[in-house]
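Okay, got some structures for you below.
Shared chain: subunit A. Partners: subunit B in the first complex, subunit C in the second.
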Partner chain A sequence: MRKTNWSQALGSGIRWLIGLLICIVVMLPITWVLSISLKPPEEWVAYPPTLVPIEPTFSNYIVLFQPGNPVGGVSEMVSAAQPVTRAFVNSLIVVPIATAASVLIGFLASYATVRFQAGGATLPLFVLTTRMFPPVAFAVPLLVYFRMLNLIDTQLALILMYTGFTIAFSLWMMRGFIEGVPRHVEEAAILDGASPWRVLLTITLPLVRGGLAATGLFVFILNWTEFLLAQVFTSREAITIPVQVSHYVGAVGRFYGPMAALGIVASIPVVVAGYIIQRYLVTGFTFGLVRE
Partner chain B sequence: MAGQPNILIRLERLRKEFNGVIAVEGLDLEVTEGEFLCFLGPSGCGKTTTLRMIAGLETPTAGDVYLRGRRITHLPPQQRNVGFVFQNYALFWHMTVYENLAFGLRVRKVDPAEIDRKVKEVAANLELTDVLHERARRLDLSTMQRVAMARTLVTDPEVLLLDEPLNNFRPGLREAMRGELKRWQMHLGRTMIYVTHDQEEAMTLGDRILVMNAGRCAQLDTPRHIYEHPANLFVASFIGRPPMNLIDVQYTVEGERAFLVRDSLRLEVTPLRDKIERALGGQTNLVLGIRPEHLSFGPFSEEGWVQFSLPAVVDLVQPLARKKFLDLKIGDTLIKMVVPGTASFRQGESFPLGFPLHRIHLFHRTTEEAIL
Partner chain C sequence: MTEYAPSLVRPSVRNALSRLERKLSSERVFGIALIAPMQLLLWFLLIIPTLIVIYLSFVRWEPRMGVDWWDAPFAFLGNYTRVITDVRFWSALGRSAGIVVVAVTLEFLIGMALALFFSRSFPGKRIMTSAILYPMMLPWVVVGLCFYLLFLDRGPVNYVLTQILNRPINVEWFKHPPLAMTTIILADVWQWTPFLFLILYSGLGALPKEPVEAAMTLGASRWQIFRYITLPMLKPVILIALVIRSLEAFKIFDVVFIMTGGGPGTATETISVYIYRVGFVFGQLSYAAAMAVLILVLVTMITRMGVRPLEK
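Moving on, here comes the complex of A and B:
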């Protein structure tokens, strides 16, 4: 009896320890970023580093939106950068549209390949080849096309690329969820007289809602943090947040404070999106009630 | 409608291949209106495939399906007016019971008031009124089953096709649901085709049973006739629990008397001599079939009984609640026997064994067809 209590205590102690370690590993970088974002310039690279800022300040956040504001003494260093508003608006337009398009097209394509073997057995693999090259391999030819189409530095260019590059993910992620919908459920609807589109929209779609949410969140994060293509294809008008972050690395140094502040601000939409979607994630994985 | 108006469904030389593998071969069948027909057979015998071809969910490779004399072989499922209850019910999990029932009617653009009336009527019929607004995924199995049936009944189908609907139930409940299903069928008076691999289910539910083996019809008859007169070795060994004793024997004639012989074991069948010889066609290799429940202990003096030439020795006793299974040895031959639970036996005990002659089954060794 006593022994069991001991081993139980030891077991839960170890679990706690492991949990704590994971939390530290995951949370430390974020905490560090948060810490730096609240530090004045002289503390950014101070040695020994402190986790809690000695003289906390919001100046890094303020200069994001007002590069010329002299608060905190960082303004002259970052005044060359644009306010983040433009990058933020761009990201908030480009990423949701590209994500929605990718998930929609990916879902339909996935359904076609799973249920009707559209394009043959190798099509899904073929689609995946777009992810087998480093994106930069596509950047050069695309740059030529987009220049001819006059799409350089436009939101549309990013939307098109982000949609295209993430369709492979959407298609592959949705396959598992669609395969999880028992074929019989669709057949039952067909026997009831439903057309294929009706089956898709009123039966299959609601049943894979959780999968759509999971895929959407995943693709959203991919697009939200994408840097390379945005850097190559935008210069001023259509820059996104990751590109804006890079603008705080200038000729005169790295402005860690504003970078960190932007990182924190940029994570807010993703956290909010994840929080909203969470509800669907749980329901998404539980519909397979009855064994096949 | 010319011909027989009471034939609801007719299958003609139906055949289905999947990538060169034959699932159903040369199947002919007539289903009468109001009948409860069971497709019975081991898994992979083509029974579900046949059901799916009737529903239109599979297209036959050859042959035809007729509904009320009309050829519907290539008609899409939604134009056939058949109801299908899937093994796992295939309910629309994300909808309420009401929406599940209404789905088919909504698709057919039935007037909303009429939908409401029909849904409520069928729900009342199948005792679903209380759960109408529950989500389908929250129901227990037996309610799910009734929802699955109700959903197909709402659209008023010509025939209800059921694909092993009791498979998800644990044994005790399964028997209870079987009774309930029978009650619904009598109550609703629908033509039903019911696929199962469970012979007890088929025996208790079916007006007739189609026993299938390897894609072909092994026998089509009433449960009683299939039990009493299995048409071939497959049906003989498949129907009955414990299965029929099947013993390879030689038919021999000595003077006026006829015997079935296996090594030193002999069984006199002189009264059946004419019948056997008419069916033999020169063959002497036969399979003797005798059901465990038809065996009896001797000595036998009455007319119409036969007795094995060697005594049976009790090898193993397996008591069940109401009956006992005995493993007996006659010579080297192992035979199973069922006796009432009150009878007492000890291992090693021996006694004369026999059975009423009219309970005998004989099959050709090569063609496996019954000759008696």
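Moving on, here comes the complex of A and C:
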């Protein structure tokens, strides 16, 4: 008896060690970026590289938003690039609007397809085709099309595309939540004479509030991280944060510090959102086909 | 119209039932109203663009030609014959397919190993399983940035290799085709193994315990239990995960764009990057359209084959 306890304790101790090692390996890449973002220019390419900055500084983060300010020699290198303020404002306008629109439209359509098979049984499958193909295949005709409508380099173009290309996720994720609402609850209200809109808004909607929030955060992650469409359809006025990251990487001068700082700032909102909806990540990425 | 036997149903109930029937017949209208916004968006962003891309693929048109695209001269199959004989197109397609095979296989194997490892309970497991999930939430461009900074000439990877091998290593990772490809695949594996881990881990957790316990009392080995009980029961989840991940991996663009830009030369140019360059850098939109149409057809065909086992 005693022996098995000992070997069990040893076993879980070894597992704990291996688990810790795995975590460290997974954490290293982003830790390195975080480290560079806190280093002054002399340390960006210092050799041998150090994981912990010798003279940590926040100047990389400060110059992102005030490229004119002389902060420890970084500013001359960054002044060549645009300040990131515009990209932040654009992302903060485009992403929430597109996300809200996607979730709202997706919820209504999801309700109709679950409850009344509106649009036929194949409609939900048809919607999935928007996610099947490389987005570049749609970007070609959309560019031609948006030129005619004068939508190039506008926030509206991005809002339309981001709503449309995430609707598949909203529709499919909400299906599970709506199926979870017992039908007899709605039927009771109908028998009491409530109109279908009333049933939808006062009975079903409050019951799937949690689902709407989870779907919203998931779609927010997708829209915040989208790069290709933003890269094709914006050039100056409507650029988003991922496009700004690519401008920084592509710029001459190689200012690694601000580059890393921007990467960290760009990641914080989506990582926070991701951990809030951790339970629903699988559901989201598999369109609700696999549920936890 | 359904008729209710008057002797069995009281009038008040009958009224309610006929009211319900009226509601049900108006359900159709209600349903159409609810899906209308989505239908509009689908027309605007899926159906009309598909028609335009097909039309464009049959004409010869570049924005710099100065004519509107609907006035462009017909090329008939000209763009398609050009694609068929375009070595760069097929190499790019091959590279994307190669990334799908290599990266998704690695992600599946590592994800499975991690899922099995974490399926036993030990202290700190909960927080560890959460901690390793974050790469899949990061923006793709940030993942590209991460690996770009890691593999710089004087970056940490070369430094660690120097320490391990005990001789100076100054590999220029992004200048050698096979090495550049390796960094891209590593980036994809790092970002998406957590997805396969998470889906397999939760799949394992949801399996019924009885078959495994029964096999254990019958004296089956751990490998036998995994091979003949756990794996077959997990199969539906595995298939869904592999189909979805493969479709996503085939789209790979952001990481390549940030890390190598498709270079050196065209050595890491994936199909998305090539179509992007042809359409939006070289401005040959009708040629890009023909490639896009071929990709749409190809992906549809392959997905149908991949989804068939799922339908069973």
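Throughout what follows, the second predicted complex is superposed on the first by the 224 of 292 C-alpha atoms of A that agree within 3 Å, B and C clash if a C-alpha of one lies under 4 Å from a C-alpha of the other, contacts with A are read in each partner's own complex, and residues count from 1 in each chain.
Criterion: a contact is a pair of C-beta atoms (placed from the backbone, for glycine too) under 8 Å apart; a residue touches a chain by one contact, two chains touch by 3 or more.
This structure is a prediction, so every number in the text was calculated from the model and none was measured.
When the shared chain is aligned, subunit C comes close enough to touch A:Gly119, but subunit B does not. After overlaying the two complexes on the shared chain, residue contacts for A:Ala261 are found with neither subunit B nor subunit C. By the document's definition of touching, of the two partners only subunit B reaches A:Leu207; subunit C does not.
The partner that reaches more residues of subunit A, of the two candidates subunit B and subunit C, is C. In the superposition on chain A, contact of A:Met132 is made with subunit C only, not with subunit B. When the two complexes are overlaid on their common chain A, residue A:Leu191 makes contact with subunit B and with subunit C alike.
Touch criterion met: A:Pro182 reaches subunit B, while subunit C stays clear of it. Shared-chain residue A:Tyr275: touches subunit C; no touch with subunit B. In the superposed model, A:Trp16 makes contact with subunit C only, not with subunit B. On subunit A, the patch touched by subunit B and the patch touched by subunit C overlap at residues 187, 190-191, 193, 287, 289-290, 292. Residues of subunit A touching subunit B in their complex: 182, 184-185, 187-194, 198, 202-203, 206-207, 209, 287, 289-292.
Residues 55-57, 76-78, 82-84, 86-94, 103-104, 107-108, 137, 144, 151-152, 155, 168 of subunit B touch subunit A in their complex. The touching residues of subunit A, when paired with subunit C in their complex, are 11-12, 15-16, 18-20, 22-23, 26-27, 29-30, 32-33, 36, 45, 47-49, 51, 105-106, 108-109, 111-113, 115-119, 123, 126-127, 129-145, 147, 160-161, 163-165, 167, 171, 187, 190-191, 193, 196-197, 200, 221, 224-225, 227-228, 231-232, 241-242, 245-246, 249-250, 256, 259-260, 263, 266-267, 270-271, 273-275, 278, 281-282, 285-287, 289-290, 292.
Partner subunit A is touched in their complex by these residues of subunit C: 16, 19-20, 23, 26-28, 30-32, 34-35, 37-39, 41-42, 44-46, 48-50, 52-53, 56, 63, 69, 114, 117-118, 120-125, 128, 130-142, 144-150, 152, 154-156, 159, 190, 194-195, 198-199, 202-203, 206, 237, 240-241, 244, 247, 250-251, 253-254, 257-258, 261, 271-272, 275-276, 279-280, 285, 288-289, 292-293, 295-296, 299-300, 303.
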